[in-house]
Amino acid sequence: MKQISTGIQGLDELLGGGLPKGKCILVVGSPGSGKTTLLMQFLHKGALSGERGLYITMDEKPEQIKENFLSFGWKLDKLEKEGKIAFLDATPIRVAKSVYRTEDKVLISTDFLRFPELTLEGLIRTIRKIIDEENIQRIAIDPITTFVLRYSQISKRRKALLYFFDSLIESGCTSLITTEMRTGELERSFQIEEFLSQGVILLHTIIHSSNVIRAIQIEKMRGIQHDTQLRPYQITNKGIEVYPKDKVF
Amino acid sequence: MKQISTGIQGLDELLGGGLPKGKCILVVGSPGSGKTTLLMQFLHKGALSGERGLYITMDEKPEQIKENFLSFGWKLDKLEKEGKIAFLDATPIRVAKSVYRTEDKVLISTDFLRFPELTLEGLIRTIRKIIDEENIQRIAIDPITTFVLRYSQISKRRKALLYFFDSLIESGCTSLITTEMRTGELERSFQIEEFLSQGVILLHTIIHSSNVIRAIQIEKMRGIQHDTQLRPYQITNKGIEVYPKDKVF
Amino acid sequence: MKQISTGIQGLDELLGGGLPKGKCILVVGSPGSGKTTLLMQFLHKGALSGERGLYITMDEKPEQIKENFLSFGWKLDKLEKEGKIAFLDATPIRVAKSVYRTEDKVLISTDFLRFPELTLEGLIRTIRKIIDEENIQRIAIDPITTFVLRYSQISKRRKALLYFFDSLIESGCTSLITTEMRTGELERSFQIEEFLSQGVILLHTIIHSSNVIRAIQIEKMRGIQHDTQLRPYQITNKGIEVYPKDKVF
Amino acid sequence: MKQISTGIQGLDELLGGGLPKGKCILVVGSPGSGKTTLLMQFLHKGALSGERGLYITMDEKPEQIKENFLSFGWKLDKLEKEGKIAFLDATPIRVAKSVYRTEDKVLISTDFLRFPELTLEGLIRTIRKIIDEENIQRIAIDPITTFVLRYSQISKRRKALLYFFDSLIESGCTSLITTEMRTGELERSFQIEEFLSQGVILLHTIIHSSNVIRAIQIEKMRGIQHDTQLRPYQITNKGIEVYPKDKVF
Amino acid sequence: MKQISTGIQGLDELLGGGLPKGKCILVVGSPGSGKTTLLMQFLHKGALSGERGLYITMDEKPEQIKENFLSFGWKLDKLEKEGKIAFLDATPIRVAKSVYRTEDKVLISTDFLRFPELTLEGLIRTIRKIIDEENIQRIAIDPITTFVLRYSQISKRRKALLYFFDSLIESGCTSLITTEMRTGELERSFQIEEFLSQGVILLHTIIHSSNVIRAIQIEKMRGIQHDTQLRPYQITNKGIEVYPKDKVF
Amino acid sequence: MKQISTGIQGLDELLGGGLPKGKCILVVGSPGSGKTTLLMQFLHKGALSGERGLYITMDEKPEQIKENFLSFGWKLDKLEKEGKIAFLDATPIRVAKSVYRTEDKVLISTDFLRFPELTLEGLIRTIRKIIDEENIQRIAIDPITTFVLRYSQISKRRKALLYFFDSLIESGCTSLITTEMRTGELERSFQIEEFLSQGVILLHTIIHSSNVIRAIQIEKMRGIQHDTQLRPYQITNKGIEVYPKDKVF
C-alpha cells in the first residue's frame, strides 16, 4: 500500500512511512489537542510536495481558521492564491448569515434555525466538483461532529457515515477528518466513527498526577504495520511535533 | 496575533502575553470558582486602559453582581457612570418581573414561564447596538448556560452557539463567556462549548486527599502559544491571583 | 457587605463573620447530614438576637419538625408563641389532607395526586405577606427539591429557581434553603441550584476507609472572603458544631 | 423522645436505646442483607413485650415469609393465632390469583397485568382499619419498592411517599419499611425515600479485597443522638446480631 | 426446611446441605460463566436420585444445548428417553420457524417479529401440564432475560416476575432460573430479579490484576444458613467444581 | 465435539484444538484490534485446507477489505477466483449507490436514507443460497453491529439475533461474527450478543500504566474445554499471533 507523508516526521515514523494513500482517516481529540493544526500541516506538506489540498470547515469560518496559523510561517494565503490549498465553507451559519444580511431590516424575528442546511448529497457533490476542477489529492474535514449529530438515530448515523466515507474513498483522495473525543479518560467508550473509518489517530490530553500530558496514539490503520503505543507530542508554532521513541510517563 | 491583558498578571504569563484580541473565549468553572470575578477583572482592566466593556448578565441582576464586588475597591459604579463599563440585563426574569409588577393585583395565577423570552436574534441585535453606540471593545457574558439549554436538540444547540460566537467575533470585540463545569472530576466529559469556542480557560476545584485545591488550566487558545499545565490560583478581594510557575500538588 | 451570625460559631469563623445579609444561600447535604438542624439553629440564633424567622416546610409537617428538636432545649414552641419564629406548612399533602378528611366517607377512590398544588406565584405571595405582617428577617426553606422537580424541563427549572431566589432577595431577608445532595462521592456532578444561588454550604457524609466522616465545606459565598476547605463537624443535641481549624483526615 | 427496642441489642445500642416511637424508619439493603429478618425481629420483640405488630407483604405471600423463619424458633404461627402479629397480603398477585383461580377454565388468554391494583387510599384505609381493630403498635412494610415504582414521575413519587409516610405517622404506630439498595458501592447515589423518611438504617454488603462484609449504618434518625459509623453484623438463626463497638475493616 | 443436593458437592457445602426444597432460586452469571452447566448438573443429579427434571429453554434450542454436554458423560439423551429429564422449547424462534418453513415459498417478505409469542399464562399452563403429567420435581429455566424484557415498564416487569415465581413455587418443584449479569464489576448495581427471588447464586468472572478468576457467591438464600463469601470454582467436563474452603485471591 | 483450526496456532491452543465445528462464534473487539484480520485468517486457513469460505461485509465494500490484506501474501483474489473464498456485499450503501449512479442527473435532492435495506429474511435467504451453490463451510460476518442496531427495542433485538444465529447454525457452517466492543475498560458491561452466541472471543486493547497492550480472551465456548485467561497477541503482516503461555502483565 502506498503511503504519504503527514508533514509530521515523528508521526510518519509511527506510521512506518506515512498515511495509507486514498484512505479516510479520523483524527480524534479533546478541545485544544491540535486537531486543526495536524490537518493544516497535512495539507501544507501536500502543497509543498505538489499535492493539492482541500480544507472543508464544518464549524468555523475559513478566515478565522487561517488567521490562527499566521504565526506558523506557513503562508496559507499565498498557497491558497496559487491554488495549492482550497477552502470550502460548509458551516451551518454560512447560509443563515447570507440570508440574514440581505434582509436585516425586514426579518426581525426570523428563527435562524430554519434556514436550509447543506444536505449530505449536496456536500458530496460540491466536494467532488472541487476535487475534479482543482485536481485535489488531500482532503481535510474539520470536524465531522456537526454533520454526524444531524442523525439522531444511531443506525441512520452509521449509514450516513459509511456513505460519506465511501464517497471520499471513491474520489481517490487521502482524507483526514477530525472528530471530538468525548472524555478525558483513557479507558473510554469508543465512538462509532472509530469503527467505521479505515484509520484512527487519537490526540489524548491526559491529567496524570496533576500534570497535563499530550499523547498521540495510532489506534487503527488498515493495511499498514504501525506503532500502537501512546507517544508524547507538543504543539509549537512550527506545528505538531511527535516523539516516536518516548513514553508518556 | 495581537494579545490583550486579562488584568491578572499570572494568567497573562500563562497566555504568553494575554488573550488573543477579537476572539471568543470560554471560562469554564465549578460553583464558586471565581468565573464572575475573572470576567469583572477583565472588564476592569480594560476600563482602566481605555477599552470600554459590556457586562451581560444572563442569570443574576446587574445590581446584585455589582454589590458582590463592593469590597474589591474597583469602583464599578463610577466606571459605569463614566461609560467605561456598561451592564446589560438579559436575565429571563427581567421580562417576567416587569409584567408581574404592573399587574400584581390582577394576574393572580399567571404562569411566569409563559412570559416572552429574548430571542437569539434579539439578543445579538441588542449587543451590536450597544457595541456601536458605546464603542465597546471587551465583552463579558455570564453565563451562557441558560441560553444553551433552550435548545434541547444537540445539533440545534451547536448551531446556535456557532451563530452566537460568530456574531461576537464579527463585532471585533474580545469576549469572555462563562459556562458551568458539570463535574468535579479531572477526567471529565468535555462540553460542546469547549469544542466550538476559540479558547477555553478551566477553573477547577479539585478535592485531593481531603484538600480543596483551586487550579486554572488553559485548555485551548487558538493562534497563540500558551502554558498547558494546571496552575494554582486564589480568589482574594483584589481579584484572582494565578501562580504561573507553581504546581498544584 | 454586612454579615450575620449563623448561630454556629465554627461556621461563622469559616465565613469570616457570618452569612452575607440579604442573600439566598443553599445548604446541600446527604440524608441525615443535619440540614434541618442547621436551618433551625440559624432561626433560633436570629430569634434570640431580635431577628424574626420564618420556617417554610416543603415536605414534612411543622409539628413533626418541631418534635425532633424537643431534646435541644431551644423552646421552639415558646419562640413561636412569642412571634419570634413562624412556621409555614407548604407541603403537598397539606391541601390533600384537608380535603380528604372532610369527605372521608364519600370520596372512596379519590386520587390524591389530583389535588391542587401551591403555585410558584402563590407561594411567593404567601411568603411576602408573612414577611410584611410578621416583620421577618430570616427565612429557612426545607427543602427546595419537591419544588424544583415540578419542572421537568431543565431550562424551565432554572428560570423558576432564578425567579424564586430573586423574589427572596427582593424581600431583604437572609434565606437558607436546603437541597438534597444526590451522591456520596466527593468528585460529584454539580447541581444547577449551586450555580444559581449566591452561596453554597455543603454537608458531606464521606466514607473514608470504612469510617463515616461528616465534613462541611463552603463551596461558594458571593461577596465575602471565606474558608474553602473541608472541615469536620458533629451533630449534638446543642446543634451543629464545626471545627474550623481541623482537617477531615 | 420515647424510644422502643428493635429486638436487636447491638442495634439498640447504636440508636442510644432504640427506635424513636411513632416514626417511620427505612431499612435499605441489598439482596440477602437481612431486611425481612430485621423487620420480623422488630415485630417479634414487640409481640413478646405486649406491642401488637402488623406485617404487610408487598411482594411475597405471607405463608412463604413465615416459612422462612421456621428455623428461628420464633413461633410466628402461634403469635399470629394469639393476635400478637397480624399479616396483610398486599402483593399485586393476590388479586390476580383469586380471579385466575375462579375462572381458570374460561379465561385462557387473560393478561394478568390488567387486574385491579390496590390503590394508595385503599391500602391506607385497610391499614388503619387493622390498626384500630387489632390495636396495632408496630408496623413492618416489606418492601416499599413495588409501591414506589407505580409513579413514574419523580415529583408524583415524592408526593405519594410523603402522603404514605404521613398517614403511618398519624396512626401513632412505629413503622419499619424496607427498600432496595440499588448498588453495592459505598459511594452511592442516594434514593429519594432516604430524604423523605425520618430515619434510615442501611444494610450494606461490601466486597472488600474479595471478602464479603456485612455492615449496618444508621444514616439518619431524626430526634435522637445515634452512632454514625459502619458496624459489622451477622445473620444467624436467632436473627440479626450487631457488633456495636467493632469496625468493619 | 428440607434441602436438596445441587449435584455440586462444594456448592452443597456452601449451602449447608443443598438448595431449599420448593423454592425459586436465581443463578446470575456473566457470559461463559457456566450457568447452563450448573442447571444441567442440578437436573442430572435429580435424575440419578429419582427426581424428574424439566429443562425449559428460552433462547437456544434443546438440541443445541444437549449437544454441548456430549463430552460430559451425562447421557442426557438416555435420561430424556427414560423420562427422567424433559425438555421444553420455549424459544421465541420456535413459533416463527414452524410458520416460516411451512410457507417458505409464499411469505417472502414476512417480518418474523410479528409471529405470535408464548404468553405468560400460556407458558405457566404448559409448565404445569408437564409437571403434572411427567411428575416433575426439579425445574431449570434458562434464561429468564428474554421473558423479562417483554415488559418495558419496570413496575409491570416486577409484577410479571412475582407472578411467575409464585406459580413455580405453587407447583411444589424446586426451580433454578438463570439470568444475565449485566457487568463484570464486583461493585455492581443489583438487578430486580435478585430482590424478587428467594435465593440468588452469583457466578462472577473477575479480572484481578490481569488474571481472570471465576468466583461463586451465595448472595441470598431464604430460610437457610449459608456461606456468604466469594469462593473459587472451575468448569471441567465433569461439570462445575466449587472449592468451598478457598479464597479467590 | 469436532473442532476446526482458526488458522492461528496460539488461538487453537487456547481452544484446545480449534473452534467447535458448526457453531456461531462472536469476535468482540475495540477499533483496530484485528477483528477483520482474525476472520480473514480463519477463511484463509479454510481455503488452504479445502473448506470454502464466505465473507459477508456489512459496513465496508469487499474491494476495500481485500485491499487491506495485500501486504499479507494471502492472495485473496486468487482464492476468490478459484471459488475458495466468496465475498458478499451486504453494506447499506450497496443499494443506495447503485440507484444513485443510475439517476445521478435526475435525483438531485434524494435522501439516501430512504433506499430499501436488505431485510433479515432476505439476508438469510441470500446466505443460504450461496452456501448451497458454493458449498460453503466457513462463514465470516463483519460486523453484526449495523444489523443489530436496526432493532431499537431490546426484546426485538434479542429475537432477531437468536433467529439469525439459529439460521447460521442450521446451515451446518462454522461462523465467526464480529461485533464492536463498546468500551476500553476491562470491567465492562456485557453486550447482549455475548449471551446469545455459543462462543465469544474478546480482543482487548488495554491501557496499563501508559502502555497499550493487546490481549485475547476466550470468554465463552460452549461444548469444549478452553483457556480462560487474558493472553497477549500481536498483529503482524502474517496475521494475528497469539502467545498462549504468556501473561499480559
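We call the chains A, B, C, D, E and F, going by the order they appear; numbering starts again at 1 in every chain.
Just so we're on the same page, contacts are C-beta pairs under 8 Å (C-beta built on N, C-alpha and C of every residue); 3 or more make two chains touch, one makes a residue touch a chain.
Worth saying up front: this structure is predicted, and the values here are computed from it rather than measured.
In the chain contact graph, what is the shortest path length, in steps, from chain C to chain F?
Shortest path length, in steps: 3.
Which chains sit in contact with both members of the pair chain C and chain D?
Common neighbours, chain C/chain D: none found.
Over half of the interface residue numbers used by both chain E and chain F, so same, or under half, so different?
Different; most numbers are used by only one of chain E and chain F.
Measuring from the mean C-alpha position of chain C to the mean C-alpha position of chain E, what distance in angstrom results?
51
Taking each chain's centre as the mean position of its Cα atoms, how many Å separate chain A from chain B?
Here the centre of chain B sits 29 Å away from the centre of chain A.
If you look at chain A, which of its residues touch at least two other chains?
none
If we trace the ring from chain B over to chain C and keep going, which chains do we hit, in order?
Moving around the ring in the direction of chain C from chain B, the order is B, C, D, E, F, A.
Mind listing the chain B positions that touch chain A in their complex?
1, 119-122, 151, 153-156, 158-160, 162-163, 166, 169, 186-190, 192, 194-196, 198, 200, 208, 215, 217-225, 228-230, 247-249
Which residues of chain C touch chain D once you look at their complex with the stated criterion?
Against chain D, the touching part of chain C is residues 30-32, 59-61, 64, 67-71, 91-93, 96-97, 108-113, 143, 145-146, 149-150, 152, 180-185, 205, 207, 210-212, 214, 236-237.
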